[in-house]
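Letters are used for the chains, namely A, B and C, taken in the order the chains are written, and counting of residues starts over at 1 for each.
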Amino acid sequence: MTTITGALRTRAGVIAATVLAAVLLLAVSGPFLAPYDPLENSAEILRPPGAAHWFGTDYLGRDVLSRVLAGAPTSVFTAFEAVGIGLVIGVVPGVTSVYLGRAYEWITLRIMDGLIALPFLIFAIAVAALLGNAVHQAMIAVGILLAPSFYRVTRAAALSHANAQYVTAARLFGASTWWVLRTHVWSKILPALVVATANATAGGLLIVSSLTFLGIGVVPPEPTWGGIVASGLGYLAQVPYGPVFPSLFIMATVGALNLLADAIRDTSGDHGRARALSRTGARRVRLT
Amino acid sequence: MTTLLDVSGLHVALGHGRKRTGILHGVDLTVASGEIVGLIGETGSGKTTLARAVLGLVRAGSGTVAIDGRQVGGLRGGALRASRRGGAVQYVFQDPLRSLDPERTVLDTLVEGLAVRGGHDRAGLREAAEQVARLVSLPLGLLPRHPGELSGGQRQRVAIGRAIAVDPRLLICDEPVSALDASTRITILELLLRLRESRGLGVLLITHDLGSLGGVADRVVVLYHGRVVETGTVEEIFLAPRHPYTRLLVASVPSIRDERPPDPGLRRALRDEVRASAGGRPW
Amino acid sequence: MSVSPDAATAVRAPARAVRDEVLLSVRGLRVGVADGSEVVHGVDLDIPRGSAVGLVGESGSGKTLTCRAVLGLLPVGVEVTGGEIRLRGTDLTALPAAARARLRGTELAAVFQDPASYLNPSITVGAQLAEVLRVKAGLGRRAARQRAVELLQAMGLHRPEHVYAQHPFELSGGMLQRVLIAMSISAGPELLIADEATTALDVTVQAEVLELLNDLRRDRGLTLVVVSHDLAVISQTCDTVYVFRDGGIVEAGPTRRVLRAPRHPYTRELIGNHERFGIDRVREQGSGR
């Protein structure tokens, strides 16, 4: 946890956290804040932004602000769902691949290599075709495809600490693999994992937006950020700025997540230690 | 004085397939309780492999390792873990910084062995940590600190404390002072002498620096290319070495009492003799 | 903090006829860190041409930073804040960085503790040595190769052609240190700084490398500065010794005098520490019987 609190002390971290807090607030309360029913059609189609409709209206006369707010939960939480699935099926084999013998290591490595080779969208479309076109099925597909990066990150971190001298010392006390993982290895993996999670969430959000843009996982008229961009695109000639509003929300969220990942990476691990030392302990380091 | 460690005819080979090379070729070694045995050898002589074989970290090809009269060579898995929880033998690494988990406090590190063993609550562990800290002369104020905040000498005290906490009979120290300054070195060596005195601890002190064994070790075992070439008391080894390699070692140790380097001619002659005795092995 | 070394009474006679000429003179050297603290507080050194001078002290005593200041290789954020470093009368601290870089290798050279980290692991040691000869000594490709092999031989390496074609990982620590010494003296510097150059080596190899340094001094008139925490190493290579503590010099003088009749309590403590454990203690007890 110290790495995260450390990241929040940098300016980038504060900005990222503020934006993300606002997005989370929207994701929870968005549907209740919506001034109109997001599904209600009206005669006022393709209106420019104004006092009554801040973001204007779409081709069916629906209030775009209300649709963006109502679409926030689906857009954000589905990304979390995908990342959660990816974490579980990436991290567990990632850590255990270092400890459970060569055969297991080889098999998990090949499976993950195979997943990396699959093209994202096509796999998601195929799963949607196979399991039915619904949001959870789509997120399982996305989660599976996010797993290899979690697997790689945790495996690399676990591998670099698997033979540390303090691990040998623990083994000489008769410690089990579980003890070693819990007391020595986990805390070394965590910072890398937090960074990977923040990055993957940003990626997940983009994928969810792309899928809903294509109408996969979420069926219209249910509002999602990607879907709103898609419906706006059809009327560019009449309302050239139509896709801008939902896109701004996507960009702000993804940007904030990437910023947070960078801030955490800069303040954790060897990189962070070097930075901290150059600020506070310059003397001691240079003398040795 | 009872024999704590009895290594007999130990062969160890490392690597796989065609790359498999013999590291130890029939090593005999004993350490009695309350005895400090110096194991001296150069880089690649197999001294660290010997320690790892005794600890069960590498598998012996043939030969036996007995600790306190019990064979430990063949143990695997759960039986090995259970035997290790007994804590009869412990290890102290060369580099105290790398051997301590940077994310764990001194307190957690000191009592890790007891925590693994189980049967202590939080308060009991704290009390045990304080006891160990006093034993290795660590200020109690350091208990909540992390290794990065300690000096080199303090770190090595933590490492020794961690090993001592489970009350081992035998301590294997691999170059415990070579990463430390001279003044710190002395306090660590004095700590080992004190522990030997107070608990009858047997110590196997591994080093590449023959000079550092003076005043510390009772006996010296000289390892050369995986074979024990000479064993004797410190006085015998330092003042009347017999094997050419030991003589070369002694002739190479610089002294502050000589202003000139050890006689190059003598060393060259000894080196040739060692080479001949090792069967023409490249130096 | 300035103790003038009684270098004139140095024990061993150097090979060169020019006896008392000072090659390098450091006066009131101060080194500071960016945060305003000072880590070397006014150090004076006199290094006569052809001599071997030892700098002894524990880690953090300022001996290494003093050497790095002389070489112009202080770490980022650390700089000389006062004093002079004169090489044959020229103040090095006043020279621009490019001029100082040109001096390294041709006038001043250094070897350090961990030779492998100064070599590129993917290039043969011979090619790396030849490169130094081409850049620093201006030799042609073929001449550089030939000279490199000669140098490797002069460093006491057997089968120099074979060593030339080896990669760093194929050589032992002692051999690598010989290669590094060959590189450092390849452009004919007058002063060689050996900073803990034998600390990581086995004792038999250390003896050989120290012997090599002594030979270079005798045969080529190389001036040596030996930095070590080990009094015995200094004792066997140097005629003058400076004892560093906390960024200053507490005692200086001929090695024999300083080690046999130390004047400063800290020097006495260092010697006491050395004798508390070690071969000298056993030898003394042995000869006392």
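Keep in mind that, in the parts below, contacts are C-beta pairs under 8 Å (C-beta built on N, C-alpha and C of every residue); 3 or more make two chains touch, one makes a residue touch a chain.
The structure displayed is predicted, hence computed values, not measured ones.
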item	value
Chain with minimal offset from the mean of all protein Cα atoms	B
Most distant chain from chain C, judged by the mean position of its C-alpha atoms	A
Chain A and chain B, separation of their C-alpha mean positions in angstrom	49
Interchain centroid distance [CA atoms averaged], chain A/chain C, Å	55
Gap in Å, rounded to a whole number, between the CA centres of chain C and chain B	32
Multi-chain contact sites of chain B, meaning residues that touch two or more partners	none
Multi-chain contact sites of chain C, meaning residues that touch two or more partners	59
Touching residues (chain side chain A, partner chain B) in the complex	164-166, 168-176, 179, 183-184, 187-188
Contact set on chain B toward chain C in their complex	42-43, 181-183, 185-186, 189, 208-212, 214-216, 234-235, 238-239, 248-262, 264, 267, 271
Chain B partner contacts - residues on chain C that touch it in the complex	11-12, 58-59, 172-173, 202-208, 210-211, 214, 229-233, 235-237, 255-256, 259, 269-271, 273-283, 285-286
Complex contact set, residues of chain B against chain A	55, 57, 80-87, 90-91, 93, 95, 98-101, 103-104, 108-109, 112-113, 116-117, 162-163, 166
